[in-house]
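What follows is one structure encoded as structure tokens, with my remarks underneath.
Chains: A, B, C and D, in written order; residue numbering restarts at 1 for each.
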Amino acid sequence: MIKVGIVGGTGYTGVELLRILAVHPDVQVECITSRSEAGMPVADIYPNLRGHFDLAFSEPEPERLKACDMVFFATPHGVAMRMVPELMDAGVRVVDLSADFRIKDLDVWANWYGMPHESPEWAQKAVYGLPEVARDAISEAQLVANPGCYPTAVQLGFLPLLEQGLVNPDRLIADAKSGASGGGRQGKIGMLHGEVGESFKAYGASGHRHLPEIRQGLVQAAGQACGVTFVPHLVPMVRGIEATLYAELNNAGDFDRLQEVFESRYRSEPFVDVMPFGSHPETRSVRGANQCRMALHRQEQSNMVIVSSVIDNLVKGAAGQAVQNMNIMFGLNEVAGLEAPALLP
Amino acid sequence: MIKVGIVGGTGYTGVELLRILAVHPDVQVECITSRSEAGMPVADIYPNLRGHFDLAFSEPEPERLKACDMVFFATPHGVAMRMVPELMDAGVRVVDLSADFRIKDLDVWANWYGMPHESPEWAQKAVYGLPEVARDAISEAQLVANPGCYPTAVQLGFLPLLEQGLVNPDRLIADAKSGASGGGRQGKIGMLHGEVGESFKAYGASGHRHLPEIRQGLVQAAGQACGVTFVPHLVPMVRGIEATLYAELNNAGDFDRLQEVFESRYRSEPFVDVMPFGSHPETRSVRGANQCRMALHRQEQSNMVIVSSVIDNLVKGAAGQAVQNMNIMFGLNEVAGLEAPALLP
Amino acid sequence: MIKVGIVGGTGYTGVELLRILAVHPDVQVECITSRSEAGMPVADIYPNLRGHFDLAFSEPEPERLKACDMVFFATPHGVAMRMVPELMDAGVRVVDLSADFRIKDLDVWANWYGMPHESPEWAQKAVYGLPEVARDAISEAQLVANPGCYPTAVQLGFLPLLEQGLVNPDRLIADAKSGASGGGRQGKIGMLHGEVGESFKAYGASGHRHLPEIRQGLVQAAGQACGVTFVPHLVPMVRGIEATLYAELNNAGDFDRLQEVFESRYRSEPFVDVMPFGSHPETRSVRGANQCRMALHRQEQSNMVIVSSVIDNLVKGAAGQAVQNMNIMFGLNEVAGLEAPALLP
Amino acid sequence: MIKVGIVGGTGYTGVELLRILAVHPDVQVECITSRSEAGMPVADIYPNLRGHFDLAFSEPEPERLKACDMVFFATPHGVAMRMVPELMDAGVRVVDLSADFRIKDLDVWANWYGMPHESPEWAQKAVYGLPEVARDAISEAQLVANPGCYPTAVQLGFLPLLEQGLVNPDRLIADAKSGASGGGRQGKIGMLHGEVGESFKAYGASGHRHLPEIRQGLVQAAGQACGVTFVPHLVPMVRGIEATLYAELNNAGDFDRLQEVFESRYRSEPFVDVMPFGSHPETRSVRGANQCRMALHRQEQSNMVIVSSVIDNLVKGAAGQAVQNMNIMFGLNEVAGLEAPALLP
């Protein structure tokens, strides 16, 4: 059994890690930390876990974490970069669900996250944990930077197009929509039900932290500079991301083989589902599941490729992908703990 | 492996059965029938099942059903009572999720369901499948009538009070609230999102079909006549039932031991969770899980016992309880396929 | 034109007052105060008011308020009781939407609100502003205590029964459900969309501040002691309250005339609508409107009267009723500013 | 008083017309027709109208309609084109809220709506009723084709850019999102709360009927051919449309004057609100109001203009705009009946 620790367990990604690990056959959760809730039984905050875990939140003590085989960080940005080096020295493997190790250009990171990076060495060594791109590197990594929720949905949808050089990389548009759990579990007025409920809006339209992360991944796939516009929106629901992606096909004749390009790209991927051409993936079709579903569209004779891509922001966009990465890192069955179908309706 | 058939699979209880059986270790789904969708792959209607089932809906042919070990009916009322006798003769075991076999008094049944009962013999032989009450009988039954959603939440909350004779059985009130999936998957205007969304109302307040079923169960528990008022309400959400129950304690001094009465009653039940006195169970704490959570309340020095009881109407209120019943009937581990925590948030 | 001031305008009742007063023909809003947002244009927080008000929030300066004819308090409890006496001395008329002047028994008030009352004199002089009960007193009052949201829905539904002595006052049950805007506009984790969305629960089931207010009103109507149980619930929607009320008819034969009793009681009330017997009022039928709709139900031959009563918690349950009270106090048309139909769907 | 008739009143645009006309000072609703509900009081289907209208639905008799000054069609497509010519001959003025008279190219119309057009003469004479573009023509029109909901939000957002020739008209993208009331009030399974609730998806991504209408308007504004991609999405809420629009600025230096271009364009428009640069319009800020709010965004140094535009699909996207058109046609105050602020929260 792999001994697991979770740092920062009171947020939505923390409870989601526990929900998934509760049915994982190869894992034992040793500790889950929270400064603010130390001593509180986990199930008192998350009653869905009653009967599944006897754990209480504990102070984040390095010694307990160093006794684990695997530590997940489910913390705000700025925490993992301070604690990770000590765990690395102790030989612990880490998946960081925060943004600390996702961006290789630390000036860009510092600019978007408003603080200097404190662990530049590990920022370079960390493997960006999108298994569909970096499975081999992940399997050997000690530190994996778990991708952001929007970047997962957007990159998976664009990758086949960019890797094959099929579209103009200068004019990529990602119009993405997320449920409110993406905003986290802090007492912010803007995230109240009274503010979010029964309304829809764009936010961060002049620039969002996930933009540089998306661009970094697309540039790597395209092998050249990319111009990408990314606008997130807030949907009055709890879970789910849909990203509608727009790209101009270089050669309109390629439309005939696009479906096959996507299916080939993801045929062996357990968690990416290319639906039939012209389908409309629904976020509920992946609710609670570590799955990305996507489908392609064309309007009349346009050369604009439209990709609709959906994930559960807390699963394939966070905790599920983190467990998938752990499974790869430890040579487990990649789908262990992640096999249940989504909850629909 | 138990060979399972599902009759009437296009509704919400049908897809929920498949979702649960997809991770059940001892079951093989052989066929799922639908007259209207025969030939259509199940995953085309329910994309959450893509990759989990290759099945297509088929016509409800008796021969295929008779080749199963176990058949679930997820049909409107009036269907199972016509098909069950033939399956009984063939030795197939059946859990009927519809209302056909729930009520023992067939005049009452005919009155509420608007048709004469066509299988009075099996209506008497059927075991009412509330495992917390009738586990032994279920284990030996060939035909189990799976309880309704509201009746499950209401009965489980009242049972300890009535079995112990602690409250006045003449004045029981059950104020219950359900998400819209309880209304089924037919194209009814009243169940449109445009009608249900962002609104709340009572319905069936002058009389609902679940009232006689609830009364039958409470009378059995109390061993005497019961006066029960039951008002259901429609909540603008998809899944979940909460029932707030009111009963007058015969002896106000018994309040001191009520919590212990409830905890004792359900201590060995895998799917009933008595929360601490004064807790407020949330429907999301059981979303997707075969669980009933409940808690007790008292206001000032009143002798009114308040019980709040929550279930997922599609799981402990339908498909989950049906699988629990199947597990009991076949001597399997009662929790097989039903172990995952609820999806929260 | 009546010069109006609003104290504490950043909450949901504040914006709702402005929305209603924007179309009121006889009113000019002079100032709206907020310590935390002083200087901020109102329309920056509430963009629905862009083009309707040029006002900015201001510090709560007594001199500006004393220059008004009418001041609304839309503040947390504890504020109005400190500021009102000075306004009373200045001859200003006040409608207090907070709880400060609703309860006549100040020991009870202090117990539920956790502080001693600082204006006992005005607590006694204040008129409890339920126009359907106290229209004449309101018309002459200088200080009106605007009823709470739940108490409005519950009292209006019970009043005809208690005033006529038709039911047993010892066993009144009010099972009430509210949208999330009732929780106010503070950054509380429990009111996040991620917590409230797609879930349902009871809260305050062991005792809620509106219980003593409800009891006070019911006792007055019944002319004797009342035993009332009140359980509020949180609905995943923004606006609306539904209360399902249960009372035992003393004489079952009275069921035949109940509908007429209710219709007579409210025939001349502009804002109470008695729907046909057996109807199911929906909260959306009063969304945005200063209306209470209610309907009666009976189950089989029971002597239990069931009343379902709906209001918009922010309108008839707060700002609309406050404007109705102002209209009465100033001898205006009682429906001025309150005539638009509800927003459905 | 203008005598108004409404044809096809049982849908959401029908009830919305009544809600608005209930407070219109210059209008008397004479009749509202519905074949399916003839004889049923309007308020029985739409309880928000109780106390506002005594009308019952009637059969659509030409004589009663011809006795009106003004008739609104709130019918499915294919109805108005058959009934309008007779009303035109009788001198009645008509606003058609359906799609029958929106498209000038009748081959295109027939292709998208699946039937030949039966009134080609009036299809050419009809004025497309976007007041911000065609106010003068509307004022003299006998027949106004009320714009679709998406086309209103999309055209208003793109117009200033295209009219000034500021962007490349070949690559316009409109990613639009709508609440479920846009799907109408028919009993379609796909629009059940159980299907729509707590989920998000694109639909019609390979081609939607509003695409040719949008293109027609944009071509007119640009004075040249336009390449436009339009993808609608379904939001789990009742009302509201948000459109996020993407266009490439021909000259990146023009970004400095874009805000002024938009503000100038709409300065005298009572129902278009250009918010400060970088704002995020929310659909709730226009709920129930005949308003379009929009804001501009730029990401880093990109030459991509981003416009976010919101309307209430039933108001500025349907019934409100229809009343605005009527006001213009009859020389009334353009804002009559349309002055109330939006309902927020």
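Throughout what follows, a residue touches a chain if its C-beta (ideal position, glycine included) is under 8 Å from a C-beta of that chain, and two chains touch if they have at least 3 such contacts.
In UniProt terms the chains read A, B, C, D = N-acetyl-gamma-glutamyl-phosphate reductase.
Computed from a prediction, not measured in an experiment: that's the story for all the values here.
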item	value
Chain whose average C-alpha position is farthest from subunit A's own	C
Chain centre separation in whole Å, for subunit D relative to subunit B (CA means)	45
Between subunit B and subunit C, centroid-to-centroid distance (C-alpha), Å	38
Centre-to-centre distance between subunit B and subunit A (centres being mean Cα positions), rounded to whole Å	36
Residues of subunit C whose C-beta touches two or more other chains	12, 181, 194-195, 197-198, 236-239, 281-282, 284, 287, 345
Graph class of chain-chain contacts, one of line, ring, star, complete, other	complete
Subunit A-facing residues of subunit C, complex	12, 180-181, 183-189, 191-198, 236-238
Interface residues, subunit C side, partner subunit B - complex	171, 173, 175, 177, 179, 194-195, 197-203, 205-207, 211, 227, 229-231, 233, 235-240, 242, 244, 246, 248, 278, 280-284, 287, 297-300, 302, 304, 306, 308, 310, 345
Contact set on subunit C toward subunit D in their complex	12, 15, 18-19, 22-23, 46-52, 181, 197-198, 238-239, 273, 275, 281-282, 284-289, 293, 314, 339-345
